[in-house]
Structures are given as structure tokens and as C-alpha cells.
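The data blocks that follow each hold one structure.
Presented sequentially are two complexes of chain A, the first with chain B as partner and the second with chain C.
Up next, the complex of A and B:
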């Protein structure tokens, strides 16, 4: 089997990050010490989650426009992978926070918002589970998905900037602040973000394809049953 | 595609040329691990875990590809 270019890119980036992230030089900072390397692994996971949620919202809108069940299926799977990545980001953040801030979950606006945002997506699961009718489930959850993304972005990106946060680059508006990270770190950080987004996309597409196979099998069984009846 | 890859590569390479931060060598880092080479053990373990996960992903990809082919028949 030949892998498409983005899968190969994903593998190369992840390998580079897993080796370079440990070995390449980082700035010597008090308190953080060697844990600054967590930036290469904790932050990209959140980037991956954002990308997955954006894709999920995109396919939700697409479903509403086309009424094609395939779009609904993609929307769900992207949201699933997004939640998984978000959970990983939350747990890794708690571990890191325990040592850098002395508290796994301090009352930080960014952490609280991320938790709220993830609850919004957990409610998406509940919502989906509460419908019997497939079309109704797809339509209502697609609408909810659009709202979920529209609340998630301001929660995670806007609100923490309006107050003070322990997270770097969050008081005021210094996103990607010049002083938060030096160029040596960027060289690993950006590939890590791209790699994690691609990995999330890859996992989602696998699940999407599996669901499609499932749906095709189900349809075939239906046809067979109909034929035997008539 | 090629152009974008080239652009990304050179952007990343040039990033390293920007002035370095001053180094405070009194900050405690994993220097012992680095000097006795044990950090490479960490790197190797990490890399192997990654490789294992990626192999698993690729094999899943293949299996699903095979299923898809069967469905199409």
C-alpha cells in the first residue's frame, strides 16, 4: 500500500518531534527547567483538538446544506477525535501544572474555559444518544455542533485574554508572543502542531472509513432481507 | 506542493538564525543525563513508542482499505 503524502509527512514530523523534542536545546528557565519541553507535546494536542472541532463544525454546516448522511458521519468522527485530543491535553496540562504551578488544576481562566468547552462537546454526545430517528439526530446535532464551535472559540481564545491567566500569552493580546518562545523552540513546536493535526485527521479518517464500510454492509443486509421477502 | 515544502523548510531553517537568548547556566536542567548520555535512552524509548503507534495506525489503515475493496466488489 502506498501512503499519501500527508500521512508520510505526519509520520516524519512526529518522529522528528519525538526525537528533537527531547534532544534539541531549549532555553534555561527557572521553575520550568526541563519541563519546558512539554510545550512540544501538550500544546500541539490542543491545536489538534481545535482543528478537529473546526472540521467537525465544517461538516455539520455541510450536512445542513446537503442533507447527506455521509457529512454527518464525518462531523461526528472529527468531534470524537477532537474530544480525545482535548482529554489528553487536559490530563497532560494537569501533570505539568502540578509541577510548574504547584497545583494540577488551578483556577485559571484558560483551564476553566477549556473544561467548559469540553463539556459542551460532551453534551453533543448526549444529544446524539437521545434520538432514535437518524435524520432528526443528524440535523439537531449538526445545529448544536455549530453552536458548540461558536462557543468554544471565544471560551478558549477570547475570554482568557480578557483577564489574567497563568498560561503564557493570555493577559492582553500577545498571541504567540515574541518572548514566550525562542526560535529554537519554534523549530520543533510548529512541526509538532502540524504533525498532531495531521495525526488527528488521520485517526478520524480511519474511523470515518470504518463507519462507511459499516453503513454499506448494513445497507446490503437490508437489500438481501428485502429480496428474500419478495 | 513542492514549492510549499521548500518554503516551509527554509522558513524553519532560517528561524534558527535569529539572535539567541542569553543562557543562565545556573538554572538546573537535565545536564547530567545529557553528559552521561542517558538522555538518548529517553529519546530512544520515546521514538520507539511513536514508531509502534504509527505502525499500528498504518496497519489499521491497510485493513480498512482491504475492507473497502471487499465492499466495492
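Up next, the complex of A and C:
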């Protein structure tokens, strides 16, 4: 097993977060109480998703410019990991919401727009399924990916900030500003964000390598079949 | 510019020759409004202004999807190949975008007229409401034209069209609902300033992206 520096960093950061996130002191706040520790897990997961979606969009653009099938692989797998992290964000959010707001899924603009954002990537999945020709699939889904990402960003970042929301950082509240995090919490929170993004990247690279192997095997089989025919 | 003009005229002529499609869209709109009218009348009580507004936008959204879905499927593959040899991709998408925008504007205004006639008219600030409808028509045309092009490449295009376009169009729809609700209640215009700016920005994103991305789609 070969571990590059960022993988080791990822392991260390997440270990630190999972121990420190539970044990280090947090401010006592009304209603939130100990559930505030969820901020170390719930928020970084969403950050990880954003990073994966952005990478997916980046590789989609790269595919359109180079027509290299490898970029398409990366684009898909980053989108898949993003979807996974998004689901985790939902689960952690529902647990938190259950205790802090008394409802696992309140009608909150941020939750709804995140749901719509996930729908975009489910639609992307469906779109990929409806092509037989590989090149066409790669090209058309890359186009949709870029198009969707450009509308997904205003959906998640801009719109919830224009209405009142239960989440901090909306309806004119500062997001990570004055009141909701002290320096002790930041010490855990920032590593958690970096760690989660690295973890997402790691998962994606594993899947990408698997896909590359698959593609190579497929090609090899093709060649063998051709040789035996001639 | 010349190319754009020729292609644009072609779109109009194509529509005019197959008038049944245009009539079909108008009839679709009218009958949906009528169905809504009957369905709501059967229940006692007035329609809430919020429901009035939301219903109008949903009707418009579905009309737009079915009207624009055909913009790439009505011509056969051979003919598209012929255009490919003649015209640039930018010219084609621009012609289609502008044509669809005009079509949507016409449909939306006609629909609004009929809707207000049938379902009653609670709108307080008409110029503002018309502005939101116009912005909506432009935005729908921009988003749906590109998605129609994408869906036309795949199998079972109609389902895909709806699935692909709804999440993409959602931010726009939410903004439109808010602006038109403000206009309907006759609120002060400065209340909707932010939303209108966001809508303009969204429209710009969608139109520019369509023009940038369409050449890639066209080549395949």
C-alpha cells in the first residue's frame, strides 16, 4: 500500500476531527447544546459535495475541450462521490434537525434547494443511462453537467440567502461570523472541511482507477477477440 | 448576421407551414386553463391569490416544455446534417433561441390574458407583472432550448426533457414566483429589485452558456 502525503493528511485530519469533535469543549448554547458538534460533520460534508461537483464540472469542460475519454471518467466519478456526500449531508442534517428544530426535514429554503441540486445530478445519471454510444454519452452528459452546474450554484448559494431560513448565514445573517463559532471550534471545523474534501477526492480517485482498469480490460478483450478471428 | 436572419426566417416559415403545431400549443394552453377553471370552480370558495399566481406559472412551465421540446425533433436528421454543412452552430442556436423566446412571449401573454379573463384578475401592478412574465418567457426559452437540444440526442426524449429541465429551471421559477407575487399584491417596486437583478443574471447565464455549449452538442 502506497500512501501519498495528502492521503496521510486526510487520515490524520479526520481522526483528529472524530476524536476532537466529540471531546473538545464547545460553547453552551440554548437549544443547540451538544448538537453543535454536528457542525464538524454536517457542514464539511456539504463542502465536500460542492468541491466534488465543481471538480466534476471542471472535468466536463476539460472533456469538451480535449475529447479524452479519461476526463469523462473523472467527471462521472466526481459527480457520483458528490451525490454520496450530499446524501450523507442529508442524513446528518436530518439527525441534527430532529434535535435542534424538532423536525428532521423542516420546510427550509436551503434544504429544498439542496434537494433540487441533488435532483440535477440524478437527472445527469438518467441522461447517461439513455445513450448506447459511448462517445455521444460522454459528450452530451458533459454538456449537461456544465449547464447544470452553472444553474446549481445560484440555486444553492444565492437563493437561500435571499429568504429567511433556519440555517445560519441566510436571510442576512453572517454565515461563519460572530456568534456561532469561537476559535476553539474553528480549530476543529477547518480541518474537518479539508479532511472531508480530501476524503471525497480519495474515494473518487479509487473509483476512477477502477474504471480505468475496466476500460483497459475491455479494450484488451476486444483486441484478443479480433486476433482470434483473423 | 445574415446567417442568423435567414435561419430565423426559416424557423418562422417552418412554424407557419405546420400551423397545426402552433394551434396545438395555443389550444393546449387554453384547455389547461379551462380544466383548472372547472376543477377549482367545483370546489366552493374563491381562489387564493397565491394559488392563482402559482397555478399560472405551473401552466406556463408545462406549456413551455411541450412547446420547446419539438424545436429539435421536428426536423429530420438528414435536414439537420444539411444545416450543419451550411451554417455555423452559433447562428443556429441564436436563431432558435430568439425564435423560441418570441414564441414563449406570445404564448405567455396570450395565456395570461385568457387566464385573467377566466380565473379572475387579482393583479395589482400590471406593468410589473408583465415584466415578470416577459423575463420568465425569456428564461424558459433560454433554458429549455438548450435542454431540448440535449434531450433530442437521447432516446425517449419527451420524458428526459421534463426530468432534465425541471431542476435546472427551478431557481428561475422560484424567483419568478416571488417577483410576480410582489407585483400581484401591488407591493412597492423597490421590493422586487433584488429578485429582478437575479433573474436578469440567471437569464444572462443561461443564454450565454447556450451559445457557448451548443457548438459542442451540434458537432456530435
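FYI, the second predicted complex is superposed on the first by the 227 of 230 C-alpha atoms of A that agree within 3 Å, B and C clash if a C-alpha of one lies under 4 Å from a C-alpha of the other, contacts with A are read in each partner's own complex, and residues count from 1 in each chain.
Rule of thumb we're sticking to: contacts are C-beta pairs under 8 Å (C-beta built on N, C-alpha and C of every residue); 3 or more make two chains touch, one makes a residue touch a chain.
Quick caveat: nothing in here was measured; it's all calculated off a predicted structure.
Contact with chain B, but none with chain C, is seen for A:209 once the two complexes are overlaid on the shared chain. Looking at the shared chain after the overlay, A:120 reaches chain C, while chain B stays out of its contact range. Of the two partner chains placed by the overlay, neither chain B nor chain C lies in contact with A:98. By the touch criterion stated above, A:146 is placed in contact with chain C alone, chain B being left untouched. Looking at the shared chain after the overlay, A:19 reaches chain B, while chain C stays out of its contact range. Of the two partner chains placed around the shared chain by superposition, chain B is the only one that A:183 touches, whereas chain C remains out of contact. Contacts of A:66 after superposition: neither chain B nor chain C is touched. Chain A residues in contact with chain B (one complex) as well as with chain C (other complex) do not exist.
Only residues 64, 113, 116-117, 119-120, 123, 126-127, 130-131, 135-136, 139-140, 142-144, 146-148, 150-151, 154-155, 158-159, 162 of chain A touch chain C when the two sit together in their complex. Contacts from chain B toward chain A in the complex involve residues 1, 12, 15-18, 20-21, 23-25, 27-30, 39-40, 42-43, 46-47, 49-51, 54, 57-58, 60-62, 64-65, 67-68, 71.
Taken in their complex, chain A has these residues touching chain B: 1, 3, 5, 7, 11, 14-15, 18-19, 21-23, 27-30, 33-34, 182-184, 186-187, 190-191, 202-203, 206, 209-210, 212-213, 216-217. Taken in their complex, chain C has these residues touching chain A: 143, 146-147, 150, 153-156, 160, 163-164, 166-172, 174-175, 194-195, 198, 201-202, 205-206, 209, 213, 216-217, 220.
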